[in-house]
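Below are the structure tokens for one structure; questions will follow.
Letters are used for the chains, namely A, B, C and D, taken in the order the chains are written, and counting of residues starts over at 1 for each.
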Amino acid sequence: MGTKKLQLVIACFMTVLLLAGGQVFAADKVLKVGVLGPFTGPSAQNGKEFKASVEMAMEAIDSTVGDYKIEVVWVDSQSDPARAASAYAEAVEGKGIQAGVLNWHSSVAVSVMDVAAQYKVPHMFGFGASEVVNEKWQADPEKYSYWGGKGWPVPAKLEGNYIECINEVIANGTWKPKKKLAAIYGEDTDWGRSAGGAYKDALLASGWEIYAEEYFPITQTDFYPLLAKFKSAGVELLAGTSTAAPSLTAFVKQYAEVGNKGVLIASGLGWIGDWYKMTGPGSDYVLDSIPQLTTAEAQQWAKDVQAKYGFNPSPSSGGLSYDGIRMFIKILERTNELHGRLDKETIHKTMVEEVNTGKLTYGKKDGAIIMNEYKYTPETMPDMVVGPDAYFFPILQYKAGKGYIIFPEDWKQKDFEQK
Amino acid sequence: MSKHNMSVTLTWLKTAPGLSIVISIAVAVAATIDAGPYLLVNMVVTGGMLALVATGLTLMLGVLNIPMFAHGEYFMIGSLTAYYIFTPISEFILEHPDSWLVTFGPFIAIIGALIGGAIAGVISEKLVFGPLRRRSTDNWVMNSFLLTVGVSVLLINLHQLIFGADFKGIVGYWQGMPISIADVYVSKDRVMSFLISAVIVALFYLFMTYTRTGMAIRAVSQDITGAEIVGIDIEKIVLLTISLACALAAVAGGSLLFMYPSYPTVGLEPLYMAWFVVILSGLGNILGAVAGAFMVALLKVITMEYVGAGWDFVVPSALIMLILIFKPSGIFGSDVRGVLDK
Amino acid sequence: MLLEVKNLNAGYGYLQILRDVSLHIDKGEYVGIVGPNGAGKSTTMKTIAGLISPMSGSVVFNGEDITGLSGSAVAKKGISFVSEEMNLFVNMTVQENLYMGAYTIKEKHLQNERLEFVFELFPRLAERRKQLAGTMSGGERKMLAIGRGMMSNPSLMLVDEPSFGLAPQLTTSVFASLEVLIKTGVTILLVEQNVTKTLAVTGRGYVLENGKIGLEGKSADLAEDSYVKKVFLGV
Amino acid sequence: MDTTTNDLNMNLFDRVLDKLCLTPIGLAGLILLLILPFIPPFNQEYMLRWLIYCGFIAAMSVGFDFTAGFINIVNFGYMAVAGTGGYTSALLVLNAGLSPWIAMLAGGVSSAILGLVIGMISLRLRGIFAACLSWFFGLAVMGLAIKMVWLTRGPLGLRVPRLFETESNFPFYFLIVILVYLTYLICKWVVRSKMGLAFQAIGQNMDAARTSGIDPVFYRVFNFTMSCAIAGVLGGFYAHFYGILTPDMMHTSKTVEVLAVAYIGGRGSLWGGAVIAFPFIFLMEIVRSTLSHLPGLNLVIYALVLILVMIYYPGGFSYFYDTHIRQPKNRALRYFLNGRDA
């Protein structure tokens, strides 16, 4: 039997090879853009939101910039830096992407930065926030100029707000903790540790005592032993974050169940579109900081996503990525205007000359739905300008599935409430 | 207590099971005094759920000699089934808060998970294990092990292909305030999941000990030829055992949906833990597996308390390896016949 | 005729052991199969019991063709097999083992009747009813295996090497218990290496050599046969 | 392929070939692998990247088969062992400024030590229990890599300098092909010697081996140490090729990948896994890449192939080759397939 069958198998194999190889030779005037995101794995929910945002933004421009057809290539990071780097390199080598946008994890950013630099593919608006990304970027700005402006600043710039808010609340007497004992928790990733470090610094600076710092794998969903430990130690303030939906919602839910009476900061809960479905009333009184869908346009966007994709998008992963991809489209349009052609060199040039210098910004006037303005300057790079009139997250407190802004003072909708 | 009983107890205490049970209880008591009663409560609740997953695994390994690597995926099937049954029920409950479903809806979901797991088990036997058994007899343990590895990868990725990789979770099964035991708050869901697992494990124990079919399963596990010559229909018993084992894993997945949302690789952690239990306690009896489950739960909780989050694989697995060096057949394993590669 | 085996060919995998074995047993008979090691005695038994499926030939029991049925199906027809390895359930008590022997009987009271009967036959087992089978001595296990074989109230018992690995005095007691069984009207097919003993107790016998039936006839005649004497009895 | 003949009739070419443990077709395959990167479409960088991964899995599967196929113990923590080598190598380069080449060897040494430890503590265990022990060991090592953040940076991964300071994948490809061949050659030499017989004796029946004067302790530990040393060097290659090392590399699912290839290739053949890895892994990569909108499909196929092979062809590809292809009527062809000693 052997030989004939074997020949057939080999023939099939070669055909598949040729088909795959043939992809590289596609038609002219096509710009392939890689969208990097965790489409599978524990953060797949964010990947889903990315996908919806990109598809909607592409639909709005009919996937066309000038006479270029934009083709989206999904690059799955699988929440793992090594696999992400491989997938990205493959997208460049095999599928011929000329530019990339978005990204979720910091650890992925750290590894993909090198790939982008290696192939000189400009990448815009990756979310990897941690200091490591910035340190690496600043160590060689020239090389990493291909890793363009980030979509999320280092935690210290935003996460410190929580502690500021808490201290303010204590100062004006709305909350009277028995003792200033805090604990820090977080997912065991660059982001989790980086944010945890930000809380720690801010807490220690304002006279808090830290009981413990606990970092757990992003797939963990059983926190009862940990939370019980915190409770029995009398921890009054628990600050932490996770980007993985199951992990953080379980944490919040179990925090309430275990009977903790203190304040819980669950940074990132609202980044998950349908978080309330998973936490239920356990999320009452929890603090979080997420951007708000304030404008009519933003609310319309959320409705559209709900209608088209069947889930409630989160302003942070869905909304920010929507703004990110639209800003990227603006960059493409500008590049086309300046150079008359779209490829990795011209896009990179625009990014370096126009975006990173603060010349090209994207704001409410362009139709941004989340932030007032996305603006990068040489001083802030790779972060954006952070501030209430540019990029800013207010602090909210949840009640019955809705968030009310309690900080900063001028945006305040409600006062802080104690449990 | 007579003198004779005393000496029997003393000898038992010197055996591996006696020693380890006494040490475990002592450690649990010491840690409870040191840290607080919540530790004990957590250990009991975690142990209950581990017992459920581990008994299914023991059954597969002990009766059929299948070192099941896909056990966690039946856990996942259970949680998935429960999710798709309970989601419409919970929506209905939201609109009709007085309905009988408020109390009994979760049971429907959990029983659904049980049935789902049993069906999955039957399908696996018909499509996978049966054909292997008919074709290969030598090197059975390793071949079936690799087969279950394949099944595991297959089920994980089928889940991802069909249902997507996102986390399908629920807020909780039973509403209401958590129950307070000695200033330790335990949510109704956890109490119920513990009760469910206790009832199921007890029923299962009674079934295996006293019923004709249960005895037939034990007979098959001890001597398959002997079972055949007394007239036990091996095929039927094997089918029943596989579906029972899968149902046990699935019911664990179903009743723990509030804590482990369903996603493709949700089964990995229960799988690791169940294997810890089975290897630690050895292949002996169900009671051994239950005791082992509480020991592993204790290890896990203690690690979490004194070492920190994220260490709960390192410390227990290191300890179990240590125990294995001194007691290769596990603590309660008097007889490891059949699993040795002879 | 209770059992009729015709032209049976069987073996393991590609290895054929039995060649055209034919034998028959009438109701109430006590028949022995003797032969040297590796002659295929156990294979014959296992094939009749359904543990090995034959390559060709037929096994007819009580007028019903049972060729190729599984072991459990054969057991349900009323044949019980006491194997050489005994195949006891080592982690079950004596009583549980015996109850398992009555697996094909559904009614509890009938099971209990059989249990009483076996306990009467082997009082030793009654004494140890709560003991685990795995902790018993060789002779007791043999007794238990035979007792378990009795539990299903079989019309035919296949007993394979009951004396294997036993001390001489135990062998005698095992043979004595088979003697008792015959008196209660059970048909027995016995396989033994101990030729003298076998031919002394059984009524009729077969000599199996190299997978073939060499001789057959009344046991007393076989015992006097010069060939048998020369080969097996070393006379 | 398995016997060394010092037949004087053999010409020099045949003798060299025999020393190199190759048949003419094996040599042809090796040459094909070496010229592959010059043939379109394989000359594209991304295809080379896949091929390098194929080579890595191929070499790993040879090392894995050295244990699984010969002493019949599945080292279920094999990737964790490789990861240890990778981390050792990476850390030495990063912290001690060692050259990656020397560091890779040091990685091999560290893994060998790990293998020695696993081999020693799993001595009293057989079959599935030894597999479980190595599995738990792997889990513990992975857990350590995750938690020792100060050293390994935890899940964030280490940035590792690459072996060649070039962006091209070419040199890496040739290196891995050489590594695949070297791994095969070393294992084959050992297996051909008296030691190979001892391995097989132990693998088939440890007690019988012991009674016939073979010391299972030495051979088992030696086998474990050697296969782990191979894994360590390959782990170093992995680290210095991808340039990033995360604990995820040590995950059980990665071991499953190696194991699947080794078993589909055919256990106990050494070459089966290496031969099958290239087309198989490559095809899976194509499926994954072209059908990226169906994530997990490649793994579904992977699992299906493993299941089908385990049920219907547990001997794997090498067995198929030996029974169906190896002995053609044509003499020239037979020489081509078997070399002179057939």
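By definition in this document, a contact is a pair of C-beta atoms (placed from the backbone, for glycine too) under 8 Å apart; a residue touches a chain by one contact, two chains touch by 3 or more.
Nothing here was measured: the structure is a model prediction, and the numbers come from that model.
K.L.:
Could you run down the chains that neighbour chain B and chain D together?
P.N.:
Common neighbours, chain B/chain D: A.
K.L.:
Would you kindly tell me how far, in whole Å, the mean C-alpha position of chain D lies from that of chain A?
P.N.:
Roughly 38 Å separates the two chain centres.
K.L.:
If you average the CA atoms of chain C and of chain D, how many Å lie between those two points?
P.N.:
About 52 Å separates the centre of chain C from that of chain D.
K.L.:
Measure off the straight-line distance from the CA centroid of chain A to the CA centroid of chain B, and report it in whole Å.
P.N.:
37
K.L.:
What residues in chain D touch two or more of the other chains?
P.N.:
Chain D, residues with two or more chain partners: 146, 295-296.
K.L.:
Taking each residue of chain B in turn, which ones touch at least two of the other chains?
P.N.:
Only 160, 165, 268, 310 qualify.
K.L.:
Return the residues of chain A touching two or more other chains; collapse runs of consecutive numbers into ranges.
P.N.:
Counting only residues that touch two or more other chains, chain A contributes 39-40, 188, 215, 217.
K.L.:
For this assembly, give the contact graph shape among line, ring, star, complete and other.
P.N.:
other
K.L.:
Throw together a list of every chain pair that touches.
P.N.:
Contacting pairs: A-B, A-D, B-C, B-D.
K.L.:
Residue numbers of chain A touching chain B in their complex, please.
P.N.:
Residue positions touching the partner: 39-42, 44-45, 47-48, 185, 188, 212, 214-217, 219-222, 224-226, 228-229, 231-232, 245-246, 249-250, 253-254, 257-259, 277-280, 282.
K.L.:
Note which residues of chain B are touching chain A in the complex, please.
P.N.:
35-36, 38-39, 41-42, 45-46, 160, 164-167, 169-172, 178, 180, 184-187, 190, 259-261, 263, 265, 268-269, 300-301, 304-305, 308-310
K.L.:
Within their complex, state which residues of chain C touch chain B.
P.N.:
Checking each residue of chain C against chain B gives 49-51, 70-73, 75-76, 80-81, 83, 85-92, 96, 99-101, 103-104, 134, 148, 151-152.
K.L.:
Give every residue of chain B touching chain D within the complex, in rising order.
P.N.:
Where chain B meets chain D, its residues are 61, 67, 128, 131-132, 135-136, 139, 141-143, 145-147, 149-154, 156-158, 160-161, 165, 264, 268, 272, 275-276, 279, 310-311, 313-314, 317-318, 320-321, 324-325, 328, 336, 339-342.
K.L.:
Any idea which chain B residues touch chain C in the complex?
P.N.:
Within the complex, chain B contacts chain C at residues 212, 215-216, 218-219, 222-223, 225-235, 285, 334-335, 337.
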